[in-house]
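Read from first to last, the chains carry the letters A, B, C, D, E, F, G and H; within each, the first residue is number 1.
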Amino acid sequence: MKVAVAKGRIEKAARQFFVEKDLPVWPEKRGRELTVKAGDHEFIFVKGDDVYKYVMHGAADVGIVGGDILREKTPGVLEVVDLPFGRCRMAVCGPKVRRNGTKKLKVASKYPNIAISHFASKRQNVEIIALNGSVELAPLTGLADCIVDIVETGATLAANDLEEYETIFSINAKFITSETALAEQPDELKEWIRKLSQEGDA
Amino acid sequence: MKVAVAKGRIEKAARQFFVEKDLPVWPEKRGRELTVKAGDHEFIFVKGDDVYKYVMHGAADVGIVGGDILREKTPGVLEVVDLPFGRCRMAVCGPKVRRNGTKKLKVASKYPNIAISHFASKRQNVEIIALNGSVELAPLTGLADCIVDIVETGATLAANDLEEYETIFSINAKFITSETALAEQPDELKEWIRKLSQEGDA
Amino acid sequence: MKVAVAKGRIEKAARQFFVEKDLPVWPEKRGRELTVKAGDHEFIFVKGDDVYKYVMHGAADVGIVGGDILREKTPGVLEVVDLPFGRCRMAVCGPKVRRNGTKKLKVASKYPNIAISHFASKRQNVEIIALNGSVELAPLTGLADCIVDIVETGATLAANDLEEYETIFSINAKFITSETALAEQPDELKEWIRKLSQEGDA
Amino acid sequence: MKVAVAKGRIEKAARQFFVEKDLPVWPEKRGRELTVKAGDHEFIFVKGDDVYKYVMHGAADVGIVGGDILREKTPGVLEVVDLPFGRCRMAVCGPKVRRNGTKKLKVASKYPNIAISHFASKRQNVEIIALNGSVELAPLTGLADCIVDIVETGATLAANDLEEYETIFSINAKFITSETALAEQPDELKEWIRKLSQEGDA
Amino acid sequence: MIWSNSKGSIPEGWYELQSGDVIRPKRWMLSFLEKAEASGYAVIDPPLLEYYSHYQNLALFDESAYYRLFGNDGELLVMRPDYTLQIARKLADGHEPMRVAYAGAVYRRTVKHSGQPHERQQLGLEWVDGEEKDSHLIESFLDMTEGVLPKDRLTLKIGSAAVISLIAKETGIQERTFRKILALRNLESLRELAETYRYPLIAKLPFLIGNAALEELRAEAPDSLKDAIDEVDDAVQHLRSIGLEVSYDFGQTGDFDYYSGLTVTGSVEGKRVLSGGRYDSLYGHFGHSRRAFGMSLDLEQLDEVMK
Amino acid sequence: MIWSNSKGSIPEGWYELQSGDVIRPKRWMLSFLEKAEASGYAVIDPPLLEYYSHYQNLALFDESAYYRLFGNDGELLVMRPDYTLQIARKLADGHEPMRVAYAGAVYRRTVKHSGQPHERQQLGLEWVDGEEKDSHLIESFLDMTEGVLPKDRLTLKIGSAAVISLIAKETGIQERTFRKILALRNLESLRELAETYRYPLIAKLPFLIGNAALEELRAEAPDSLKDAIDEVDDAVQHLRSIGLEVSYDFGQTGDFDYYSGLTVTGSVEGKRVLSGGRYDSLYGHFGHSRRAFGMSLDLEQLDEVMK
Amino acid sequence: MIWSNSKGSIPEGWYELQSGDVIRPKRWMLSFLEKAEASGYAVIDPPLLEYYSHYQNLALFDESAYYRLFGNDGELLVMRPDYTLQIARKLADGHEPMRVAYAGAVYRRTVKHSGQPHERQQLGLEWVDGEEKDSHLIESFLDMTEGVLPKDRLTLKIGSAAVISLIAKETGIQERTFRKILALRNLESLRELAETYRYPLIAKLPFLIGNAALEELRAEAPDSLKDAIDEVDDAVQHLRSIGLEVSYDFGQTGDFDYYSGLTVTGSVEGKRVLSGGRYDSLYGHFGHSRRAFGMSLDLEQLDEVMK
Amino acid sequence: MIWSNSKGSIPEGWYELQSGDVIRPKRWMLSFLEKAEASGYAVIDPPLLEYYSHYQNLALFDESAYYRLFGNDGELLVMRPDYTLQIARKLADGHEPMRVAYAGAVYRRTVKHSGQPHERQQLGLEWVDGEEKDSHLIESFLDMTEGVLPKDRLTLKIGSAAVISLIAKETGIQERTFRKILALRNLESLRELAETYRYPLIAKLPFLIGNAALEELRAEAPDSLKDAIDEVDDAVQHLRSIGLEVSYDFGQTGDFDYYSGLTVTGSVEGKRVLSGGRYDSLYGHFGHSRRAFGMSLDLEQLDEVMK
């Protein structure tokens, strides 16, 4: 089984969860190598944004990735198990003192599709500025009036004098796979899914 | 003056260069804060991909960013000074044992526009798979036959048993600004540019 | 009242009908002039294809025209009264010995829209060749396999060794007007319509 | 040789010219039949607008048609000989008392493409109303401000109190054929063309 | 198939306007919008381009009339074909009564060589979920367009889409089909319907026009139509009371299928410059149903009579 | 936003094929069509361009996947997105049973920089209103594709859109939504549905895969599903009896929402090369309802495993 | 303006082919490509869609003939209007002599209601930078199309774009204009040119057709045309020597403005099935100049005479 | 690839404006047009849609920036990308000096998710073939926009496309390339050019900005540039004499490649609200050459600083 794992936050929580569920894992301190073999299994550590691409093209059989990315990209992979970690929420956030009454609200986000769709449903005029990181800087520097971003603890917001205006939806990590993988190794996959989705332990 | 700086590699080299050139700088150990004031100046540390956006929208007056990003995005900011650091090259790389004679070459890249344009000029059929990071994994995992990426020392390639097939162009960091900034503070900008572009010291 | 009348066949029958209905008419032998005044009324004699254009643009208040043209062009004028003359039918006609089993049936017609729509409803492949007159020549000269045209007595068909394959719909002359005319002279128009549509005398 | 001839004015002049040039002709009084055999030759009498269609589709080998129609439709047939009859001119005509200074000039015509192209070259705003006949009625009835039509003697204009504002180009009848006909019977065609284009007699 | 793309040419149906022809409509629009805003109307300028998917199943125009193009992601867009639709899209989620004013151009392809423009300048008002009577809304519209539309040269005609709708419901005739036939005012087809459905009024409907029409209708109409007829009567009474020239036209269907109540058209010297009506069903298409009444002025037509 | 239009470039997702890559699929197509015609199938080649209006409300693909363009009169056209739809459009009026063969390319826009082609070569068969059992049709397809598709390396999976449909009907879940969730095989959402509608089978459905699946399903399914399950059982028995490798997949929804009965997918070395199923509801969209079963081969995928 | 989009309709100019009409051209194409590949030709299948910007300034067709649409980024694309252009785009950078074979469809909008199809099936060969004589290339083409094109029923006509070109250069007439007038074979205009430029040959050119044409031309032509005329003579001699029916047509301009040397057309029973010629100037448009000769078969026309 | 087409959504880059945001620009436009007309300017409103073929070879914008669509006959149209081009198309045939005023919106696609609008409101003046000095035209523009543009908060910068052009001619650098590099103000590339062509001034050009720039330039410039420099000097003297804040920017290339003489930009609080210049070469593209000078105001930018 080839497993693509989103590097960082998700990776850490996933490892712990896999240990609990008695699934194969990678060493706790994996160093800088990006692929790790563990028995018959291979773990591939990539950016969150790329996990579904490995699964979609068959370069990985399964993947562990944040639901925010799947929601933004709707890539059509099988989103088989909702995992009990990587929990956060997608929210509109901005300065405590809100900028009022402007022609067009400027919104910065790493999730432009989610942002557009959210404001469309509210029939609000917005200018979307897509960013790749550190979105919380946008309101501070005047690049945008507010942001659409994931909020976990709220610490980053607080540190930047921002507050959450509105929650859009909540998020958790997901275990994904493809029809191809399901065709090739149905039994092993079913076993993994069984373990991952056991409600008892979670 | 508000200065947007690409976090990481470029940031480090830029600080040293600014010191040499007797320009205002941020503290060597800047901690986790993303904006730093230094006298009248403010430094904003953002992802390389976002630097030009801050400049374009007037949230920063000037920026320091890798030429690779400007080449991929052609955002139309003023690319005033070529800086003598952030040197690397854009290259086609792949496994030492090349996959031969296929219908379509699969190419993974963080620079899809550059990759498309390069292979178009060679009239070669390619499938472009855009990735967000760790592109060197793509050939190892079978996601792609080769990659288009920046190469600095070649160490990453070597570590992954890859080699450089072909150099596309060479790159360095750039000092960018906007017509707006130039209109607002021409004198200060001209002074910075003078210092940055002095050839003697470089 | 300005009345646009389709020259020829329709004109003759219309005059007789107007006489019967005690409506104003033009002299029986009108010579070559194309407009004739009769009291407060003016008659304009134009090609059948043009009648609705005069009414649509307000250059005439009402018109008398064959239903075939209205069906082909669907101009959106008010088709207020069906007149009991100008009777004929739209039909598919062709040589008595039919050309069989070809890739595409070639159809010549002065009514391309009607022809296309008819064969589309039968899911039949056709090549439409639009002609302006003497459509019955098309099958004789090999320009087309069959035609879509109006058939009155069938004499023209017989004279050309053609037969009617299929009737599409039947046709009569129509009395048309526009919303503008109706707004300007509702009473007079209502009176005309009353006379024209009296069933008793027809 | 199958010859498509434009019925009416052109037909009459063509017969006389063919007699002069010692080419086969149809009986002077041809009755109502639309095709006439004369030795090996067959004459097909159709509307001016349709002549080129018979030639284009190979239902006739050659045709005689007014240059006005070829100019309006640009069908791409071979326009081999300019004939010394059917002479007239395309012109802009209208009431002697011109309607002045309006937003958009309304122009009625049987030649919408020629009309559009003429006024475009003069950078004048026009509304084109395509008609099928009796175009001279349009200015009289207020349907249009002026017309674009062929003018032969000017008698029709005079009879309707119209005058010629501007000549667009001059016209004569043309002898047309197709590459197919030229491939099939080059020698006979060359002989006809020789006779038709002899300058001496014209 | 060949078009003229010589250096100076312009696509057919489009024009290059000059001096007064440019300034006059701009003056009318500004004067109207300023007055409307001062009177508490929300002035709205919806985008020139919209998603075509919003409109494709409304079938308000023939598909060939839309100016369609593609957006950045290949999505089908349409140049504003109509303001009422855009305002309905915008307000369909709302709950507060709204009064809206707009002014600008709408775009529809017309038949080639038919001498009709592709761009038309309009201004109009829409009332959503208000309490006012239709006749008072018509009066308000004439107030807001004072200085633009000459009240004293205007003739109004009042009809009722409710009457049409009720007849369709009672007889079981498909409403859209009924409207289409009625819109052509074709006596033969309507007589056939009248006979088939044993509803003689149908054959008279297209020419229930003019001052006597109300009484004629009353004489023949079943009780079920009474309210709809009274509504027209009331409106006409009110409009006459404020000095307007008004008559009846029970054959008028209005330009759009979505009209559901009173309809109004207005002409100056035979040119139809004004149209409108009640359309309580349209909003449901975009969200939840709301009561709505709208009227608009065709500045093209108005300009022709005012010159 | 900037694209490469240097002299030699080709739009992304399109390719310039050479030698064997050109000839191989042409050989497969011709061999298949000749065999099919000899066996009494009607060989049909529908037009490359169709009116988009035929398909716009079917919602089979995301709107952005269609290659749309405009026709001579401004009407919206689409490059053939799928053969089954075209054949349904053509045959929907018919009354005779029909057996149809086709071969050619379908066109769908894929996500930018995702490395997926916009043109895909296919060949397939459709059976309309015939009497034969689904399993025999699958067998016929394998006969007609002999020499193209290697039967001995093929693994078939059989599912049932009827089971899905019946569950939707029984529970009252909107079928289209149910299919969408099931297509993602998302356990959490399906568990929620199972609980809300008190229908535990729903939560198991996505992974009722493999040889034991039939018995698992039988054990839990209400009587109402019996016929649908038996149909799958029979089909699998028959296909095994002729030497094919077959298993169950009750979680498979098929590529299209219009499947209504047995569904089949086939893979060679994990690559899905074959798909099909029964779709008795599609024809109603184009005219009157007809029973129909279709299967097709993806020559792109097949080529990858055959090289 | 109204089009037929009833459930079963197909856009005008497009067809639904059946049985033999589908299979026959596929057989011809495959047989041709297999033979060509076996003989060392590179078989190429260029993409169906291309950037329109490659072609927009070539002005080979009227702008309205292109099937244009938009790509993922709003760039203008065109459905393959012609193979020769695509192959020139691909090979313009190369340096090795190339021999290329292709087969497939080209797409061009035709005039509405003119009864002409929008899709045409073709097959053809292109030779780039080779050493062979044009007449031998024509012979090769007939070898590769054996079994498809019946040599014994074929009549070839040979012309010379070089003659046309040289006359244009000598007189100073703009070449594109000269070709346009000559393509209409309009005697009057050509006589005028002949007089204006004092070059009587121009007036004879359009009907220098048939076996005597060569001698007629030789008698009148200045020395500067000698080589171009000899080239035609040689080619005809060679083609006759291998048993073909060949004659002259010095008035033929070829379908495309890019022809620069010998041109050839071929008909069976008056239907033109074959055309081609030398076009040494086209490649310069896409990169650097290369010598090139190409020929193609129109399978639509061929099918008509072969049935 | 997926877009939001929920009921209420609007295409990205388009907005729904309200109240003052609608009325304010309409007021500015009307006030400007009325004043211009009263002062003898011809007020022109060119069509929203134009033939794209007029503009395709001008290469003023990236191809992806045009809003393109198809006309009734399949011809490619474009939504007005710029007024100056339309006015040049219209006046290129003329011979009388003309002074033209316009006001309205221009349309350009911007990069997705870049937060930039697709519609921009403008107003402007063009002078064709007049005798007045450029500096007096700038003064006239400020007179006509009184009440709209606050003169006292405005900073003008004057540059010279003539200087750029002359340097290109003298060195032999391709002018279009030179402008592109200069527009990025990239010192490295300009230094390389300066060295290659031994023309040190090139390396200084991008930052010859501010009050001292004129003297710096004079000190280094060859005699051939004298006239162009004097022209700038005169203009600045005149504009200062009427109380405006003006400085130099010899690095400014102007927004368009067609500028050929003096260029001017104006900002209020750093926002560039005004741009213009002399463009004597553009008219030749549409007909015969004419001298021309134009200036326009960006109402979007102006609105931002005036609020």
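Everything below uses one rule, namely that a residue touches a chain if its C-beta (ideal position, glycine included) is under 8 Å from a C-beta of that chain, and two chains touch if they have at least 3 such contacts.
Values in this document were obtained by computation on a predicted structure and should not be read as measured data.
Think of each touching pair as a link: the shortest run of links from chain F to chain H has 1 of them.
Counting only chains that touch, the fewest steps needed to get from chain B to chain F is 1.
Distance from chain A peaks, on a Cα-centroid basis, for D. For the pairs A-H and G-H, the count of C-beta pairs in contact is higher at A-H.
Computed centre separation for the pair chain A/chain B is 26 angstrom, with centres defined by C-alpha atoms. Measuring from the averaged C-alpha position of chain F to that of chain G gives a distance of 41 Å.
For the pair chain D and chain F, the distance between mean C-alpha positions equals 57 Å. Residue positions 1-3, 5, 8-10, 12, 15-17, 21, 53, 63-64, 68, 70, 72-75, 90, 93, 109, 111-112, 114-115 of chain F each touch two or more of the other chains. Chain D has residues 53, 57-58, 123, 129 in contact with two or more other chains. Residues 1-3, 5, 62-64, 70, 72-74, 109, 111-112 of chain G are the ones that touch chain E when the two sit in their complex. In the complex of the two chains, the chain G residues touching chain H come out as 53, 56-57, 63-64, 66, 68, 70, 73-76, 109. Every residue of chain D that touches chain G in the complex is listed here, in rising order: 53, 56-58, 75, 78-82, 179-184, 186-187, 190, 193, 197.
By the touch criterion stated above, chain F contacts chain A in their complex at residues 111, 114-115, 155, 157, 184-188, 206-207, 209-210, 252, 265, 267, 270-272. Only residues 2, 7, 34-35, 44-47, 49-50, 53-54, 57-60, 129, 131-134, 136-138, 140-143 of chain A touch chain B when the two sit together in their complex.
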